[in-house]
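Here the chain labels run A, B and C in written order, and each chain numbers its own residues starting at 1.
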Amino acid sequence: MAVKSAVLFILNNENNRPILLQRVMGTPLLTWLSNGLSARGICRCLLICPEQFAEQAKACFPDSIALTCTADQNDISGFIASEQDEEMLVITKPVVDLGSKSALFAEDCADVGLAACTVSASALQTSDSVESCLAAHGTEAEGFAVVSEPDELPDWQPILKRLYLYELANNGVEIWDYDNCYVDPSVRVGAGTVLMPGTILRGKTVIGENCTIGPNTLLENAVIGNHTKINASQIFESSVADHTAVGPFAYIRPNCRIGSDVKIGDFVEVKNSVIDDGTKVSHLTYIGDSDVGKRINFGCGTVTVNYDRAKKFRTVIEDDAFIGCNTNLIAPVTVGEGAYIAAGSTITENVPANSLSIARVRQSNKENWSTNNKVKEKK
Amino acid sequence: MAVKSAVLFILNNENNRPILLQRVMGTPLLTWLSNGLSARGICRCLLICPEQFAEQAKACFPDSIALTCTADQNDISGFIASEQDEEMLVITKPVVDLGSKSALFAEDCADVGLAACTVSASALQTSDSVESCLAAHGTEAEGFAVVSEPDELPDWQPILKRLYLYELANNGVEIWDYDNCYVDPSVRVGAGTVLMPGTILRGKTVIGENCTIGPNTLLENAVIGNHTKINASQIFESSVADHTAVGPFAYIRPNCRIGSDVKIGDFVEVKNSVIDDGTKVSHLTYIGDSDVGKRINFGCGTVTVNYDRAKKFRTVIEDDAFIGCNTNLIAPVTVGEGAYIAAGSTITENVPANSLSIARVRQSNKENWSTNNKVKEKK
Amino acid sequence: MAVKSAVLFILNNENNRPILLQRVMGTPLLTWLSNGLSARGICRCLLICPEQFAEQAKACFPDSIALTCTADQNDISGFIASEQDEEMLVITKPVVDLGSKSALFAEDCADVGLAACTVSASALQTSDSVESCLAAHGTEAEGFAVVSEPDELPDWQPILKRLYLYELANNGVEIWDYDNCYVDPSVRVGAGTVLMPGTILRGKTVIGENCTIGPNTLLENAVIGNHTKINASQIFESSVADHTAVGPFAYIRPNCRIGSDVKIGDFVEVKNSVIDDGTKVSHLTYIGDSDVGKRINFGCGTVTVNYDRAKKFRTVIEDDAFIGCNTNLIAPVTVGEGAYIAAGSTITENVPANSLSIARVRQSNKENWSTNNKVKEKK
């Protein structure tokens, strides 16, 4: 009978942070564990945790596990009673879940004893103490290893790293170097996607199929489509659709929605903006607080001026507009469909659809100036 | 007698890509193998390969090997006949070539049996089947290991990585960390050059002597001179000469030719351009489709405006010109020798040699404006 | 009795650089050794070194060791005489100091014999040769390993790397990946600081507590306060105070002093400048040769124009000023307290306190221009 329910104890650690809440590669050990439990089929969990750590602990669980977090004896009894005759997985100490890969890391596993057992909910219901119940009725669970001391955590780092990367590789992800790729267990990556060295994928990041990610790319809670390439860039709390190229050296800050067939090129920052399909933002540009349509071309050095020392305002750019290089768009402002803004202009008023907008001075050349002038190249 | 000729079989892999065409660190196993063969002195190769993989397979070979790729029995016989009494290296299964470093990885090598043998061309000519010929006359070749299954490839990743890095180190290249440096076997690196962590060198990249490359630098088909420093940058299909500094955070796109004593600084993109000796492009600049002379100084924020929504045009800048900060050069345009462009100008017409060119508005100050104005710093 | 004094021989290496001066991860083996000696409590050292290597060797020692570097027999005798009855640590060959971590790397250690011994200064004084003195009176020192050949250095790379990282971890530094973090032994890092992958800390860099450094960050002789975050950036010979955020993709060049609660954002270069508390330089900006006050907001694309082809000049910006986007500040120039510079302005004259300064052209819109014009999007 598949075990679908777990009881997990987080213990106080003599004024230190509990081991399960300490981090390995920036991610709490509990996150590594809870995602392992989910992969085993656990979908309900009773988390018994000191009050002051409850919020932190709850944040470590994936949505796939219905979580009851409590330290209250009645709530605990209620949870166990509701499990009736189910088998439960009971974890009483900090453990690492090696799951189906435990054979690969056999030398790192020892007896876990009562640290991770299965036992029937009914046995738990009728026992005075968990320990004695497990001792009497528990069956040691397979594929776990106990972490007794915080200073063992560094040794688990290379193992946890590879554990999840191997699973991704089994699912068709191509990983250049298992030693130089950091993927949280809560991340999903589609088949055919290539992860180059220095890739860090965190949180609830989801990546589609046939993407190329890296080198040196950090994604946190990012949602990436298919056939998209993210090169040497950082993306936070944003989505990027299909066949889009980001970077090298781009920075997408929270709350962006980037469409398909888009280019977000080098030295480009996008923040709190929507950029629709087919738009090219090739280089040295800042798009903030903006709603950007389809098939727009941004010249190099464009700035959406969203802040006037008092408030932030939005910029709207409609489909097929062309924004010249080194242009300022001073928000609030709307650039109409198909409009053309001449390079070097500072735009303070709306630009009607299909208009040319220009704000610049005629060039004047003073001949033989260099020859007569003292401003010469330093030797 | 040195073996100079090889026969290599690429086998169909049940609808999957043949193992030799699968990638390790982004590079087909066949590229690793063919470069190993070249290092052994192989200079002629008969590649027997299914039609649909021929192009891909041929692209894996270095120029040093004269390649005959065919699946035609007459062509095969012709090739072997032309070898007369030569000894040939015959590779019948996917193998890794550990070459002279095989002792270092002895534990990873097993008997290769008939997977890699030497045999005389004359024996091959008179045999009905390769297998029986090798069984009767072949001598197992040394330094190879068989890859039986695609899922063994990840295990070869750290070995192939180190194998070629050790060879570079023997030739005087200084490698910070053998675990964090990725060099295709087709790449050449000169003595005294330092490779810092996160360096990725791909394709036909050639690097001279006494360079510093990295950290976190990606070069693909780049040709770099001597005493040049490339820091945290990416360069594709371009050349950079001697004593030049690139980066940190520069991006050189295909078809650039960068001279000596040049600075391509931070947040600079160069594309499809020539930049001659002694020119400084220090920061936040885009140079595209341009012909740039010697000893030119580019101010920060310069943009060559090469695209007008319809066509791309070239910019020409002659020797000793000085380009002010935040300047637009709207192509097609020529800036003459020794000309000086004032900061903040948008240049639409040619600038004669030694002229000062300026296109900007006089500054006006409105006193006590902040004190009277509502635009105040948000608290 | 604690040994506080050492004698260290650097030997000529047959026309090659002496092994102790060869580099491991970019840092001479002698730097790794001298910092180990300092950690053992050595505070005086006699360095016996060929003249031509003296400067290079002296640069490898921490300030905590009073160094006498000489090859002169009288100076040597004087040093030893001044030690009177002290025990001395004598190192006669190139060694690695594994210190208290030697048990962890036991398999890498062999007998060091007379390569590292303790002996009394008085015994040394009365002996004809160091070798015979050590043979007769020396006690083998613990925790050292001999490096006999330069080609053993690559094998020491992963050990030296981990050796110092373990020490940092013992002091409360959180290290994501011990295999992908490069910290010179001369660097100090405070408790609670997190080092992400690809972090390189060099020279006399000092980092406070509770910082986050990395990924892919290079600091060289940088001094960082507490609670500061440096993301994917490079800093050289500069200081950054508390609660400041740098990057991603920022470049701080030598001689900068950055205050607290500052933001140095993406694609920002700062050079030879002071930036005071609370100032925000969010993106795509160059600040060079400038004195910048408190609580200033720099718009995107600001450039301090510090060079006119002949000389460099300074820019002064006083507290609470607001610098609009894509602005040029042509030095020498002063922007007064609370002044406001409109976006797109090129500022050539001083701006009085609380003034609005503006230098731009009124926008003109030509309606239906796109519809009538040939400049259309290329398909």
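Here, a residue touches a chain if its C-beta (ideal position, glycine included) is under 8 Å from a C-beta of that chain, and two chains touch if they have at least 3 such contacts.
Just so it is clear, the model here is predicted, and its values are computed rather than measured.
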Fitted rotation between chain A and its twin chain C in degrees, CA, nearest 5: 120
Chain copies touching (chain A, chain B) - same or different residues, decided at half shared: different
Gap in Å, rounded to a whole number, between the CA centres of chain B and chain A: 30
Sequence positions of chain A contacting 2 or more other chains: 179-180, 198, 216, 249, 267, 284, 297, 301, 309, 322, 326, 340, 360-361, 375, 377
Of all residues in chain A, those that touch chain C in their complex: 23, 25-26, 154, 157-158, 161, 179-180, 182, 198, 200, 216, 218, 234, 249, 251, 267, 269, 284, 286, 295, 297, 301, 303, 305, 307, 309, 320, 322, 326, 328, 330, 338-340, 345-349, 351-352, 354-361, 374-378
Chain A partner contacts - residues on chain C that touch it in the complex: 166, 169, 174-180, 194, 196-198, 215-216, 231-232, 248-249, 265-267, 283-284, 297, 299-301, 308-311, 322, 324-326, 340, 343-344, 360-371, 373, 375, 377
